[in-house]
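Structures for review follow.
Here subunit A shows up in two complexes: once beside subunit B, once beside subunit C.
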Partner chain A sequence: MKLEVGYIPIRDIRFGPESKVDNNVLYVNKRELSALILADEGIASVALDLARPGESVRITPVKDVIEPRVKVSGTGGIFPGWCAKVRTVGEGKTHVLKGAAVVTTGKVVGFQEGIIDMSGEGAQYTPFSKLNSLVLVIQPKEGTESHAYEKSLRLAGLKTAEYLGKLAEHLEPEEVHTYETLSVTEGIKKYPELPRVGYVLMLQSQGLLHDTYVYGVDAKQTLPTLIGPTELMDGAIVSGNCVSACDKNTTYHHLNNPVVEDLFSEHGKALNFTGLIITNENVYLADKERSSDRTAELCAYLGLDGVIISQEGFGNPDADLIMNCRKIEAKGIRTVIITDEYAGQDGASQSLADADAAADAVVTGGNANMVIHLPAMDRVIGSIDRVDHIAGGWSGSLKEDGTITAELQVITGATNELGFNTLSAR
Partner chain B sequence: MSQIKVVHYLNQFFAQVGGEEKANIPPEIKEGPVGPGMAFQAAFQDQAKIVATVLCGDSYFNEHTEESVDAVLEMIRTQKPDLVICGPAFNAGRYGVACGTVASAVKEKLGIPAVTGMYAENPGVDLFKSGVYIVPTRDSAVGMRDAVAAMVPLALKLARGESVGSSAEEGYIPMGIRKNFFETKRGSRRAVDMLLKKLAGEPFETEFPMPDFDRVPPNAAVVDMRKAKVALVTSGGIVPKGNPDRIESSSASKYGKYDLEGVTDLTAEEYETAHGGYDPTYANEDADRVLPVDMLREFEKEGKIGSLSRYFYSTVGNGTAVASSKKYAQEISKELVADGVSAVILTST
Partner chain C sequence: MIITNNPLVRSTYENAHGVLFVEGNYRDVLVQVRDLVHRRHHLITHPMMGSLKPNETPYRSVIVSDEPQKNVDVDSVLIIEEAILVFDRFTKTARSDRGTGSTEKMKEDFREIDLSLLGSALNK
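Here is the complex of A and B:
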């Protein structure tokens, strides 16, 4: 399975009479895009806004961030199961509007959406402050219950990213990366001396708005399975999550999975990137046992020497993380886990909800309880009134002058457990 | 800031008084730097000046700890220093304990920053690392030059009152306090590098050493539920509508205690959840789903339980520090015992 990913850098985003990419500027026709979004009967209104790196802009409550992409050749289309038919993706050519993003906002749950600051202290913690973003502020029809609202918001984001991505279909990319996955036997023949390394990608699937979708299927109803790493780059995995903002994997993260990129960069040199296993994080013990057993079996079946395990969320999923680690290590396969910490505001408390001596190699995305101070911004996109209530905020987090004192938790993507950021802790 | 005034603490050996035969000398003070103090003074250049050296025999210090600490502190106090350097003690056990004790007392009682240095296996490390900046050194004085080079920048930062970064950035032994900082490589790259080292059998450093996990064995079963006074305690965030105590949706700083007198059912009009870690739709529709008051009232009527305790306790478990949970549990359990509660149903989410 071989995919060429071509980057068209986007250096600015503006509204204009015609949606197009011209001279690395992304122009968006508001009316055309609004009509596309409003085709969803559950949506009462949509306001489109722009946010650029360095601007004094705060976006909240953020639900998802999505990167515009388009399939130029090869089977299927971007976001199979949603925007395209359910065909296997990950082969051929894909174009990316690099540096652009679609950000969806809405008060779905109220607690579980985050903040993106485009400048100031908060900006250094979120990778999304560096993107030229089209923000969708979506209001549901009155009486829409939250699950239907989440779905409408999710689809609006995906459709918008697909709409913008298509503008790149006939453009010449400035940079092309080629990723190729060999079959297990081909890999062993080609790199007999290299350690076989796999990746276990844990998907948030606790249910009740903590969901992730694979080719349109709710991950909590799946068994662990193998998936081509390049399938992720074409949108095979989509976030449907409303969980703490700092360590949820947005759709943008799934499209740009950093473990996949960094394993590919060493593929054929220091290691043989043999396979990617996706597993879930269900709440029931029986589900946890079943999924971690299956995952360890798949790792052994592939004859892996080492595995990187990444997590999504915290607390309850810490149990899945440690189970996966313990069972894979018990097969004689070495592991490194990527997580983040809830060590209290003073950093003195126990960081994880579960622990095991087998987890002797840990990479951390930082302590999410750390208190940060965010300056006031000239402009707020979305609505500011949920700040005291979102996970990581408290009564009085938002001051009258517009400044915010809250835990790092509130920042979208701040302590990402795919290892997307440089933030760490000791 | 004008030139920083430093007092240096040494044992009899490094203060060049003598070896084991002099280990019983009581504390004394000398003007200016002595022994390793010369190396520190050279590294400080003109940014700081070692105004005095306090020394004490290792045996004397450990056999007369209280008097020694008092005497040493008094000598240091008279010098009005901005900073105290202790050792480094390398792998000398009694000296390490003395350095840790002095550094800790200087910080706690005089409010003056202190830095010491020790070999990782020096018993002073485990005793004092949580409260004292200890720079890791080699196991003998061969490592003096490296120790001085590592201790000086940290010492100057502390003396100037500058903010001190994480242990990984500043080079001290982790204090058990987790601090955030930016690495040069992203997490995924660090994970790949760590795995390659682990696979090659090379040494690697985990970013989070696994703690000793606190597992609580369950109590013995309740013999007769028909006589039990049952209380409800939840981390699922059920509160009276409007969340009167403003319990946070994550990382809760408090718990609430609420009266169930006359309450037979938790209605959507009167109760809700404050919890930010799960979809609240169904808990807000009917809070009995998280805190089963309705069922327990029925059981009470049918005689399946003795009675339902008058108060329920509620906090939010989402992202809440274990240390906070422990504190709440200690307070709550005291009250439960005082109220004669014989069984507790703990509900989570």
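Here is the complex of A and C:
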């Protein structure tokens, strides 16, 4: 399976009479796009806004961030199971509006969280401050229940990203990256000396605001399975997850998974990137047992020497993470886990809700309890009134002058457990 | 058996499942579950389901086995004790109101999320 991903860099975003990409500027026809979004009968209104890197703008509450992409050749289309039929994606050619993003906001529930600041201290903690963003502020029709509203918001984001992505279909990319996955036997023949390394990608899957979809299927209904790493780049995995702003994986993260990226870049040099296994994080303890058993069996079946395991979210996924780690290690396969920490505001408490001696190699995305200070912004897109009630905020977090003192976990993507962030430890 | 302090969970499931309603907060639910686990009930769902933080939502629902089993399940003991430790750690720092100070509309949302998370296990 071979995919060429072509980058069309986007350096600015503006509204205009015609949606197009011209001279690295993304122009959006507000009326045309609004009509497309309003075709969903559950949506009462949509306001389109722009946010550019460096501007004094705060976006909140952020639901999802999505990168516009289009399939230029190869089977299927972007976001299979949603915007395209469920045919397998991940081969052929895909174009990306690199540097652009669709950000969806809308309060599915009153305590909805997630802040993106485009400048100031907060901007340093989120990778999304560097993107030219089209923000959708979406209001549901009166009486729409939360599940239906979440779905409308999710689909509006995907449809918008697809609409913008199509503008890149006939453009010449400035940069092309090629990713190729060999079959298991081809890989062994070609790289007999290299350690065989796999990646276990854990997906949040627990209910309203905690779900992830694979080819349109709710991940909590699935068993762990193998998936081509390039399938992710074409949108096979979509986020419906809005809780734990700092350590949820947005759709943007799935499209640009940095673990996949790094494993590909070392493939054939330091290691043989043998396979990607997706697994879920369910509420039911028997599901946790079943899924971690399956995951470990798949790792052994592939004859892996090492596995990287990445987590999503807070609390009970720690149990899934440690079960995966322990069971894979028990097969004689070494593991490295990627997580983040809730170690208290002073960083002195135990970081995870579970532990095991087998988890002796850990990469952390940072301490989500760290206190940060955000300056006031000239403009807020979305609504700010509930900062006192979201995770990481407290009564008085939002000051009258618009400044915010809160824990790092209020920032979208700040301690992402794929390593897609700007924090490091010295 | 569902142990909960969420009235919406009680009203939704009381006819289909055993519901032990706790007149109390999130921690009181965890303590009730701990006591049952030490009396040989086994945990069926993870007490820290969902990514809402313990000092954020006032509601919690946990499923344990209807009947006491032959032995105490050591994993269940470890999981519930850890959940209580995590709860205490979170409420020691900021936001000690554990969501109880939130508006009625917001509490409604918390109840719905709690119901949805629990439903993801029950409706399988």
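Here is the rule we use: the second predicted complex is superposed on the first by the 421 of 426 C-alpha atoms of A that agree within 3 Å, B and C clash if a C-alpha of one lies under 4 Å from a C-alpha of the other, contacts with A are read in each partner's own complex, and residues count from 1 in each chain.
Here, a residue touches a chain if its C-beta (ideal position, glycine included) is under 8 Å from a C-beta of that chain, and two chains touch if they have at least 3 such contacts.
What you see is a predicted model; the values in this text were computed from it and never measured.
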Given the alignment on subunit A, is it a clash or a fit between subunit B and subunit C?
clash
Please indicate which partner A:K248 is in contact with in the superposed arrangement: first for subunit B, second for subunit C, both, or neither.
second
Considering only touches as defined above, state whether A:S73 meets subunit B (first), subunit C (second), both or neither.
neither
Between subunit B (first) and subunit C (second), which, if any, makes contact with A:D360: first, second, both or neither?
first
Quick one: classify A:S146 as touching subunit B (first), subunit C (second), both or neither.
both
Quick check on the superposed pair: does A:P195 touch subunit B, subunit C, both, or neither? Answer first, second, both or neither.
first
So which one touches more of the residues on subunit A, subunit B or subunit C?
B
Just to be sure I read the superposition right, which of the two partners does A:K220 touch: subunit B = first, subunit C = second, or both, or neither?
second
So, does A:F314 touch the first partner subunit B, the second partner subunit C, both, or neither?
both
What is the contact status of A:A286 with respect to subunit B (first) and subunit C (second): first, second, both, or neither?
second
Pick one for A:H210: touches subunit B only (first), subunit C only (second), both, or neither.
both
After superposing on chain A, check 57-65, 75-83, 147-155 or 309-317 and name the one in subunit B that bumps into subunit C.
309-317
Contacts of subunit A common to subunit B and subunit C in the A-superposed view 109-111, 146-147, 206-210, 243-244, 314-315, 342, 344-345, 349-350, 354, 369, 389-395, 407, 409
Listed in rising order, the residues of subunit C that touch subunit A in the complex are 43-53, 56, 79, 82-83, 85-86, 89-90, 92-95, 97, 99, 101-103, 105-106, 108-110, 112-113, 116-121, 124
In the complex, the residues of subunit A that touch subunit C are 109-111, 146-147, 204-210, 220, 243-244, 247-248, 282-288, 313-317, 319, 342, 344-345, 349-350, 353-354, 369, 386, 389-395, 407, 409
Subunit A - residues contacting subunit B, complex
109-112, 124, 145-147, 195, 197, 206-210, 242-244, 258-259, 261-263, 266, 270-271, 305-308, 310, 314-315, 334-336, 338-339, 341-352, 354-357, 359-370, 389-395, 407-409, 416-426
Listed in rising order, the residues of subunit B that touch subunit A in the complex are 166-168, 174, 176-192, 194-196, 198-199, 204, 206-211, 213-214, 246, 248-251, 253, 275-282, 317-324
